[in-house]
Structures are given as structure tokens and as C-alpha cells.
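Mind having a look at this structure? Questions to follow.
Residue numbering begins at 1 within each chain, and the chains themselves are lettered A, B, C, D and E in the order written.
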Amino acid sequence: MSVLAIANLRVNFGGLIALDDVFIDVAPNSIVGLIGPNGAGKTTLFNCISGLVAPTSGEISIHGKKVDWPKSYELANFEISRTLQGVGLFSGLSVIENVMMGADKKRESNFLKDLFGLSAKSERKLRAKAQDALAWAGALDLADKTPSELTYPETKRVSIARALVSEPKILLLDEPAAGLGQDDIDKFADLLRQLKQRCAIIIVEHHVDFIGAISDQVYVLNFGKVIASGSFDTVKRDPAVLAAYLGTSNQSGKDQLGAQNA
Amino acid sequence: MRNRASLSRSPRSFISTAAVVLAGALALSAVPAQGASTPGVSATEIVLGMQLPQTGPASPGYNKVDDAMRAYFDYVNSKGGVYGRKITLVVKDDTYKAGLTVSTASALINKDKVFAMVGSVGTQTHISVIKDINRRGIPDLFVNSGYSGFYTDPKKYPTTFGALGTYVVEAKILGKHIKENFAKNTVGIVYQTDDFGRNTVEGLATAGVTFTAKKTAATFIAGTQGSGLDAQMQQLKDNNVDVVVVGAVASAFAAAVSSANKIGYKPAQWIVISVGADATTFQTILGARGIAPAVSAALLAGTISASHAPSPGEADDEFVKAYKKINDEFNKGPDKRWDNNVLQGMNIGYLTTSALLGVGKDLTRPGIIKYVEANAAKLPSAALSPLGYSTKTHEAFTGFWIGKYDATTVLKPVDATRKVWTTDSAKGPVTELKYTRPAIAADALPKVG
Amino acid sequence: MDTFLAALFSGSSRGAIYALVALGLVIVWRGAGILNYAQMGQAMFSTYIASTMITNGNSYWLAFVVAILVGAVMGVLLDILVMRPLSNKKKTELLSSESMRAAIPVIASLGILGALQALAGIIWAAEERGFPAPYAQEGFTVANNVMPFTSFDVFVITVVLSTLALTSLFFKKTGVGLAMRATALNSEVARLSGIRTNFTRSLSWAFSGAASSLAGLLITPTSNLSPNTLDLVLIIGFTAAVVGGLDSPAGAVIGGFLVGMVISFVSFYDTPEDVFLAILAVLILVLIIRPRGILGAKDARRV
Amino acid sequence: MRAVSKAKNHSIARKSLRRTIFFVAAILFAASTFDAYNQAQLAVVLILFIGVLSVTLLTGISGQLSLGQGALMAVGGYCMALLMINQNYSLWVAIPLAIVGSALAGLLLGIAAARLTGPYLAGTTLVIALAIPTLANRFMSVLKGDEGLPVDVGYPPVWFTNLFGEPSYEQWQLYVALPFAAIALFLASNILLSRTGRMWRAIRDNETAAALSGVNFSRQKIFVFVVSATFAGLSGALYGLRGLVGPSVYPVSLSLLLLTAAVLGGIRSIFGAFIGTVIVVFLPDWIDAVLHQFELSEQVSNFMPALVSSLLLILTVVINPAGVAGTHLHKHKHK
Amino acid sequence: MLEVKDLVTSFGSVIALDGVSFTAQESKITTVIGANGAGKSTLLRTISGLEHPASGSITWSGKSLIGMRAEDIVRDGIAHVPEGHAVISELSVEENISMGSLFRLRKFKADVQAAQDEMFELFPRLKERRKQLAGTLSGGERQMLAISRALVSRPKLLLLDEPSLGLAPLVVEQIIDSINILCRTTGLTVLLVEQNANTALGVADHGVLLALGKVVADRPAAELKADANLRAAYLGY
């Protein structure tokens, strides 16, 4: 049984077809990589899953159940968590508050409690959870800083802590490695392998090597279509993929493939 | 790290601390009862307060009243003041926003420690403070509002006295005139949607006037009307109205005449409530629109209005002559051109001085209230009727005469000799008033007491 | 029938002026992404200058030209002294949130409006005054009926329509106009094309200042001049701009005439008192049915 | 895996209470040193402070710019006045009911506003601020048109005079306003210190990210309007209690005054809201005190406060948009 | 010659360019390649004045560009075609093209007209659509339009950012060919940023490999193309 399955997904922007007959299937505790050239539709696919873009047609099943496409604020209910490209931290919230925003899955406080200042207990719980997540992401010492005071790798860590703090079953990571140094990328790969024990992960990433190193399954998108899927090793030999990446027509793509293998 | 001690304190100790602080502060802040001396009065000075819209959309015209009053007081002071005391007038601008009036009143009462309020302008704004002023026993003299609600129940507002005839009285008197002279005509009205406009409509209705068309001049007073009075005039024209009554301020009257002019609408008769019939304002506004004084005078000519005082244009009236002279010499305001507003300001200055002289050297707040209420007859002024103050009412002038503007923008009586009519703010009949105004002294100072 | 024609005439001459005001708002909105609430404050100020010139014996037309120039100069000053420093401000934590960055220029323009009104009060007192019309305000006779449509109204409509036509020609046919449009649509591409966007942006401000000053000159002859009298005109202009589409100059013109008609018909057939409520109703209706206005661009919200 | 939580056990209510008590004590102390006029002005500060808090919550915290808070104040004022005059309710009953009324108005406004952003929202609320007061004339028989509905704080009850002595009218105004201002401060502080405030700030900073954190931001934005309207309604009711509830009490300029105060003081902070209110209320007096030394015409001195506060507003926005209180205060550090 | 030395550009705490140095020879195509997020676009944006560097120097024909505004840099003969077919979709094809030559219009009226005609010659498809709004064009046509807009300013140096982005391979080929011809025939200097390394290295004379804001290789294009290790390490395939 897959935790997340999408079939026949189609998205139109005006006249433009952004996604066409896209499918994806995510097994529990696996890492699925989405790759493809710029503009291939990877982020649009993420946006569909997370309710930021309304699909024109298509089905989605979450945890084996066919459901309506979730609204973005319902994601947490489906135990799905997502990071945003370009981080998307709340600039006016401290780091720990940012993480706390992601933590409050169960809504332990309500407005009335908050109004009368009676939500200290749930706040404490949230804070503890957020601290755990920060500690786990190695960012506990940043707790009281504001996002503007962080370095780029630090903001990445915070955004991952924010995504993880709700203990999701499905984690969507949008270009998590962009802008990270090789050291950080290696550390991050380790982190993801650990994380795999707890949830399924879908990653959009340009860094093909990185995807190759960690993914159980890879989907390659180009011009809004899935042009290949399977393990990284099989996918990377696919002529259509090479053509997409090397930017030549199919015939010359084959030539270059040969040249590369030689 | 925070102070642990403060963190571990129990809530109860907080509340008790708060209570102690509260009680202590209250004890500290209790102000001693008012002293024996009368506020605003010293051996050398009497401080009076006034609030009015000096700026903002509602200010035009009215903002000349205070300058005229001050000019008269300065004249009195130049003659040695009242029993050696100089009169100081403190003026606050409330921009015609009632929320602000409460603050300016508080400033006058508490900061400037005025002895009395004199000549305050505005109905809505005065409503917001009248109760407080009365509760404090502060004399609230010669209020520039024709709203009868302020004056007809002295038990409710014992310290408040008016300086105008009420809108209802004036409307009833004009209404009688309309009934008698324009019975065969179609009458329409354009009025302001506030107490002034509505009281006017009410008064005219009491007098038995029926309207073919009743049009509001919208919130003209707020200075926010978009297109003059085009729509209203068109509708009056469509209804073949040939007698147009205007119950609105002077700028609205000017706008109505321009709008009517524009559509070639020439009603047989314009009838304008005194507030709106100020010739100077009328001509100034039209003048700035490029209409020559001669033309605007012609537009005004024939308009019927009422007045409790002589027209500012009556150059040989002795009060007008005296006031005009003082105005020329003492008025330091930005616009001291002689008009209804200046005349009214001068007259309030004169009346105030009369009252202060009448009470005598021993000036107290209850004293002046009692004096004014009981001695209305001893307080003559430029007005052509006596003050109507009594224990039953604090309405000022219940007498109006009806006039028609001539070609030189002077309001001339419609009758061969000036007839003054009187009535009350309720349903009473309109009767003729016989009153001979006492002459003004050579030095233009009231001779009372 | 008379009333209907009267309302139609009144609505068209008023609508022309509102169209001008809306156009001024739209040009700055497109050029600088700012809704300038101070616009009619600038117009009020320049109309006062014209009024003072006329009272001092200068010709109406000289005052007319000077007021429009003053309006343009004030627009430029506003841009250089307040709005440009604001947009060049470093993104502090406060300014990093989108909503705050949008709010700050609005607040600044309200401050400018307040300052201009206070200044006008200090210089010219609060006294309400009239403002002359260059042509007679006496209606034409149509079928033995005098209509509320005067030579001055003809002047207003002619001036406004020719201004709108010239503006449209200027934007369509001239290089500077193209540069201004390019700056408004995509300032980065404009800069990369060698267009001095600071200059073109200031030019938008000048344009809008001149247009609103013209509106001020045309509207005050029928509604007197005081520091506050033009406030309502701005609100109506805003409604017109939103009705037409905030980013569409052509929409502003349509919106202006439409709102002018609504106001006129409400005044003639109901009562002028309901004008505010009618404006509110129109605004809310448009925002619900067509949030981007009649000619506004589609909401291209991307994530 | 679990890191040991180092958070101090401290109650949000207690922290807010501490702020509130400090606030009340400071006000009472200030009042004790003030003359009657300044006590009355201080009462105005307390009343408008609540209104400014509504701007702080709406604009500073949740990022929605409204220029029509004065209209919501009017709703609160009219509800209260109608209940006091027609139903003879005491103000202690009428005010809470008035708050409910303004909350309903806030709900309607919020539903309309939820679709709007930036200049659209600002402009629409401005039109509302202008249009709502004209209802007073539209429904003349109930709302009494321009004359309005006169109400006031009345006299202190016997137990109060027995306990604390007879207060002056100004003091009584102050004592009526103080508990409400204290409650408003307490509640606003609670909101800001807990999840709700954090959620609103998150919406302000990044709607998408907030939605991904499970926040239904369009519903929350409406809700902020409701909460903000209750604050505005309370402020409007108390403002009306100074003597009159009428259109001229809640003009458009009142809405702009609230915004000015919030920006001058610091749009994101409760402390800033208070400082800003103090500035706008006392500024005319301060300017008066300074100008007194010069021989200026009425014309100049009348317009000076408006000129100075407008210039202050522009300068604040251009130089230091965070206002007097700055930005550091809304970083709720928990040590 | 374009000379970039120790260039550092950062956005807040994010350092995008970390001491970049290289030179681009006149009348040659130099390509800057690297993975996403390596800083390629930032490099071009810093050269064209859209971003301001924290430190370092950029000189073009001996003149320093530091501190100059983008609109003035264009006037010195440097044209930038940013990422993502940067045209103004609400303007017509003609308007988009003429926009690029507005600043030359007063002095070189005849030349401007000639330059515009040349563009229509270079990309005949644009000529067919000259009255159409740019927004109605296909991706490839838009890219052509963006390049035309840059070329009508008669640049000496063309900064080209990912012209292949989102385009079909055949179109990419066509565009790259045009650039190549232009460079060879008119002596235009080209700085080409590409994610699509093979295509770029195929036409370029010289290649600069960027990773994490640093230059990791600066060699003749052919050499770079042959280095499989380098490619595997930095480009991921």
C-alpha cells in the first residue's frame, strides 16, 4: 500500500499545460526524488499536493484512501508536511516561534484559552516539541534569533525543523539542498536516511547526485510529463532523460550518451 | 534571567498589591473641594471661554463671531473694563467634531479656569458638553444655536441661555408670512439634514405651510457635497415650485442660487432663514466664482428673510453704526469684513458686558445666572425684540421682522414700517410685538446696574 | 424626462472629472505601485494657488497653467522626497512582510494629505471660497427647457476628453510614453533596456499631479474650495479606479463616468444624502463580482 | 532523542497581569499628579488606547490595513447609547452588549475584507468610514441624526464614594475607562503571547507558509477583524460616554488618528500603542505650550497640531517605520 | 574585455558569490556553467548592475562598473537577457524591441531603425508577429524577443542567462546558433550562463565552472567538456 498516490494529474495555467497525465506512487518509509530541468513542473506538482494550485483533473489517494485534493491548511490533518523553496520562514517570528507554528497539530489551545492567558501548558508543550525538533536539526542554539539573523544553511535547518516538528507521515521537501555546501549536503543526506525510518519523503531537487545517493525511487519530469521513473540507476540511463538534461534532440542525445559512456 | 522572587509570587499577593496601589493612588488623587473664590474672576480679570469651529468644513462665517466678540471686549477693556476687571476671552477650536468639543470644554473649565462659557457655536457639538457644563453650574451664556432643546426646559439646563431666536420661532414667523402672501403659490424647501434644517421644516409646518417638494441639501454643512445643489433645484423646477424656502447655511444658499441659475430656473420668490441669508457670505462665494458684486446683488435682490436684529446693511441704525466703528478699530481677526456674523459677535459682546455690569462687583456663577434669568428686560441690545429669558424658558429673541433684500444688499422691511412678530417654540400663535429698543449710549457701553 | 436628461448631463460632466482623478490614481499605481491618498490634497493646494493668483488680478488662464504645473512639480517632489526613499529602504524585519510594505506608502500619503491640508489652512485660512469658471454657468436650452448643461460643462468634458486622448496618444506613440509603460509593467526589464526608471517614475507622479490639479480646477467652480472639499473627490476617484480596474487607464475612464452616473442618478432620483452609501454599495458589488475591476488584469496569483 | 525542555514554567496570564498591574499603577500615579484637565485627557488616552490596540492587532499583528476603525467605534457607541437610552441599561451592561454588536459588524466587514488586500482594503474601509455615519440621518427616528444620542458616565455608585471618596467628574471618567483599558491590555497581551497571536503574525509574514502550518488564513483574517472590532467597539462606546454618540463624534479623521497613533508609537507593540496614543492626545497641548511663547495668529496655531502630527507621521514612516517602541518588543523572548 | 575580480555578492546572510574572478575575452563566447544555486544568475545580475556587490571589481574595457546603475551600464554597451524570457507581455513585439533602443533614439535614429530591421531578419518569426502582444508568443519566440530587445541596444557585450530554459531542444539549438553566428560575424562578446552544460560548452570558446558561489574551473571550453570527473562532481551527471 502506498502512502501517497497520484494518477492522471493535469494542470492548466490559462492555455498552458503545466502538468499532463502525471502519476506518482510513494511507498511508506521511502524516499522519492523528483527531478527534471527547470520549468519541468516539479514544484507545480508539489503545489497540487499541498493545495496551493488547483488541479484541472486527477486523483489523489493519501494513506491508501482516495480523497479530495486537500486544501493547504488541511495538509497537517493528513500528516503531510512541506518545506518551501526559498525557505519561507516567518520573518517576524523568532526561530523557535517559527518551529512552534509547525508543531501545533492537535490545536491544544483555542482562542478563548489564549484570550485569557490559560494556554501556558500547551505553549510549554509546543515549545518543548519545537526545541526537540530544533535540537534534532542541530539548531537549538538559534532558538531566540530572528530569521534575518541566520545564515542560509541555518535557515534551511530551521525550515526542516519546522516541517518535521509535526511528526508527519509524508514529508515534501522543495529543493532542500540548494545553496548548501558539500559538507552540509552530506550531513543532510544522512539526516534524511534517518528520517526515512519515520516517514515517507518526496524531494524536488536539482542536485542530481544527491537525489541519486538517497532516493529509492526517482521520477523524471520534462515539459509537464513524467518521462521516466524507477530506480536512479535505471532512470539515469534512459535516453529521454539524457536528452532532457543534455538539452539536445533525441538522436544526438544518443550519440552523446555513447560518448559519455565511452 | 528574570527575578525569581517576582515569578514565584502568588496571584493573590498581586491583587492585594494592586488594591493597595489603587487605594493609595486614589487617596492621592482626590482633589480638594472647590475653593471659596469664583473661578475665572480676580480683582483685575474675568476669564470667559468659548468654543466654536474655527477651522474645518463647518467653520466658514461662524469663525468671525469670536473675533467680533473679542473686539468688543477689547473695546470695553480699553474703557477700563467691568468694575476694573478686564475681560479675557479664551477661544478653543473644536472643528465641529463633538469628540473634540468635550476636550476643549474640559480645557476651558479645568485649565483656563473660565468663569463662564459665552457665545459657543454649534448644536451637535454643544449637545456633547451641555450636561457637564450645567452640572458644574458654569454659566453657559448666549449660545449661538437656535436649537430649542437647549432653552425650553430651564430645569434641565439651568445655566444655558441662547443668543439667537430659535429656528422654530423664526420658521413659524416666516411661515405665517408665506401663508398670508403666497397662498396661491407652489412652495418647496431645501433644508439641511440637521437640527437647524429639521426645526425649520417643523416650524413652517406648524405655521400651516405645505410643501410640494421637500429636498434635503444633504450634508452640506460637512462641506462634502459633490455637485452643488443641481439635483435639488432640478427637482424643484420639475415640480413647478415658484416659492423656494432655504433652510441651510449661506454657502448652500449661494449654491442653490447658482444651480437654479444654471438651469434657467427663476422661482418667483426665494425665502431664506436668517442663518443662510448673510449677504456678505453670499456675495463672497459668488464673487470668487467670478460673479461680479453687482450681479450677485441682483441675484439676492427680492429675497425674503427674517432677522431679530437690524440688517448689517442698515448704515444709519445707531447700534450698527457703533458696532461697525468698534469693529474697524479693534477687530484683529483674519477677516473682519462687516456682516451678520460680526454684528452677532458684537451684540453678544455687548450683552455679556451688560450682564457682567448688571450683577455688580460681587461676581459669582449662581449670581450671574440668577441675574440673567430674572432681568432679561434690563438687557437690551441691538436686537429688535427683548431677551425672552425667564424661569420658564431661556430662549433669547422671540421676535423677528421680515425683510426683503433691495438692490444694494440691504434687508428692508416688507411692511412700510418695520413690524416685529413674536411666538414661542411650541404651538403658540404668532402675534405682533410692540417693543421700543432703548438707545445705545454715546460710548457704546451698556448702562446697567 | 427632464430629470432624466438633467441627471445624464450632470453625470457626464461630473464623471469626466472623476475619470481624471481615477486616471491620476491609476498612473501612479501602475508606475510606482502606490495608491496616492494625497492626490487631491495636492490638487487642493494647487487650486488654492490658482485662486490666489486670480484674486491678485492675474488672468484665469495663467493661473490655470500655473496650477497644473504646480501639481506636476508637487507630484515629483512627493516622489523624490518621500516615496523613493521609502521604496529604497532596506528591508528591515518590519518591512520584510508584504502587507507592511504595502501599508507604509499608504500611511505616508495620508500623512502628506494631512500636512497639505494643515498647511493650506495656515496659508489661506479655513474660509470656504468659490473658484471661477472660465465660461458661463448657464444651461443650454433644449426643446424650450433649460438643461443643467452649461458652456462650462462643455469645457469640462472637452478638456477632459482631450486630456484623456492626448494621454493615450502620449503613452502609445512616444518613446517616453513607451518607457513609462515599460517601467510600470516590469521595471527590471525596463532598466535593462536602458530606461532611467527613476526618471520615468517621477514622470508618472508629475503626470498624476497635473491630472489631479486639472480635476481640482474643474470641480471647484461647482463645489467651493476649502482645505477639505476635495477629500470626497478622492474617495469617488478611488471607487472609479477600482470599478474600472486599478491597473487600467482605460478602465479608470470608464469607471469615472460610471460612478459619475451613479452619483448623479442617486442625487436626482433619491437624495444626495445616499451618495456615500451608493458609492459603498457600488464598490463592494464590484469587489465581490469582479475584484479586479471591469478592465483590470486577471489576478495572476502565483505561489 | 528528547531534549530536556528548559522552558520556565510561567503562566501567560500572570505575565499579562503583571504588565496590566504595572500599567494601572502607572496610570493611577500619573493621574494623582495631574490636574483635572489632564486627568480628563488621560481618560481620553485610555479610551483611544483601546481603539489603537484594535489597529495594532489588525494592521500591526495580522497585516490588514484598515482606515475605517472609526466606523466600528461608531457601531459600539451607537449600540451602547441605544441600550442606555431606550432600554435604560446601566453602562456596565450596555457596554458588553455594545461590544457584541460591534463584533457582529466586524464579522460583516471581515467577510467583505477577506477578499481584499493592500490598497483595496485600505480604500474600501475608508469609504466605509465615510458612509457609516450617514446612516445616522438615514435612520433618523432611531439614531437621531446629527444631534446624536447624549450619554455620559453618570455618577459613581454609593459603594465607590463610600470606599474612595467623592471623585471629580474627570476622575470618574478616568476610573470608568481604566478597568476597560486594563482588561483590553490584559487580553491583547494574552493574545500576543500565545498561539493565536503567533498565528496572526505568521499570516502577516507569509500566508502560504502559514497555510502549510495548518492555518486557515482566510478564516483567521475574518476572525482578526471580529476581535479588532470588539476592541474598537469598546473604545467607541467609552468615547461616546464622554457626552454624545453622534456622527460628529466618529468622523473619518478619528480613524486616521488611531492609525497615526499606532504608527507613531510602533505598529506592532502594545507599548507602542500606548505611547502613540499619549502622543496624539497630548500633542496639541504640547504644541500649545511651545507656541504660547510666540505671537502667532489663530490661523497658524489652530492648524499647527495637525501639521506637526502629519509631519511626525511622514518622518516616522520614512526614517523609522517601527515607531517609538521599535521592533524589538514584539520578539517575545521566553528565557 | 570583461574583468571580474574577487566579486562578492550577498543577500542578507546568504552569500551568493564568494570571491569570483575571471575574464571574458572580446569577441568570444564565454560560458558560465554550474548547478542550480551556484550563483550563475547572480553573477550576471551583478555585472549588469541589478545587484550591488559587497566587494570586488568589475571592469569593462578598462572602465569600472561598480556603483553604476543598470540603466547606465546598458548605455556602456552591456546588454543583459535575464532568465525566463524577460519580455513585457502586455506590450507588442514591436514595442518590446524598440524599448531596447529608446535611449539611443535621439542620437542614432537611422541606426535604431536599421537595428530593429536586423532583428526581424535574424528572427523572421518575430516579424510575422510584430503587432501581437508579447504575452501571446510561444516560449521560444519570447526568448528570441528578449534577445532582440537586448541586441537593438547595439551591445558590445551580451549577457545571456539560460536561454534554453523551458524550451524544446530544437528551439534551443536555433537560438544558440543565432548567438554563435552573431558573435562570429559582428565581434560581439558573449557571456552565456547555462545549466545545460553540453550545449553551452559546445559553442563556447571558454568555460567557467561555478559551484556554491566560487569558481572551481576556468578553462577553454573543449577542455572543460572533456573533463568527466569535473562534470560528475559539480554538475551531477
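The definition used in the following text is that a residue touches a chain if its C-beta (ideal position, glycine included) is under 8 Å from a C-beta of that chain, and two chains touch if they have at least 3 such contacts.
A quick note: this is a predicted structure, and the numbers were derived from the prediction, not measured.
If you take chain D and chain E together, the chains in touch with both are A, C. Counting steps between touching chains, the shortest path from chain C to chain E takes 1. Contact tally for A-D versus A-E: the pair with more C-beta pairs in contact is A-D. The centroid of the Cα atoms in chain B and the matching centroid in chain E are 76 Å apart. One inter-chain figure worth recording: chain C and chain D are separated by 32 Å, centre to centre, where each centre is the mean of the chain's CA atoms.
Inter-chain centre distance (chain B to chain D, centres taken as mean C-alpha positions): 34 Å.
Shared interface positions of chain E, i.e. residues touching 2 or more other chains, are not present. Shared contact sites, meaning residues of chain B that touch two or more other chains, fall at 54-55, 193, 219, 334.
Residues of chain D found to touch two or more other chains are 10, 14, 17, 134, 137, 204-206, 208, 268, 299, 302-303. On chain E, the positions that touch chain A within their shared complex are 12-15, 35-37, 162, 164-166, 168-170, 172-173, 195-196, 198-199, 212, 228, 232, 236-237. Interface of chain D with chain A (complex): residues 1-3, 5-7, 9-17, 186-187, 189-191, 193-199, 201-202, 204-206, 208-217, 223, 268, 330-334. Within the complex formed with chain C, the chain D residues making contact are 59, 63-65, 67, 112, 115-120, 122-124, 126-128, 130-131, 134-135, 137-138, 204-206, 208, 252, 256, 259-260, 263, 267-268, 299-300, 302-304, 306-307, 309-311, 313-314, 317-318, 321-322, 327. Of all residues in chain C, only 29, 35, 37, 82, 85-86, 89, 92-100, 102-104, 106-108, 110-115, 117-119, 121-122, 125-126, 231-232, 235, 238-239, 242, 246, 273-274, 276-277, 279-280, 283-284, 287-288, 291, 303 touch chain D in the complex they form. Residues 175, 178-179, 181-182, 185-186, 188-197, 297 of chain C are the ones touching chain E in the complex.
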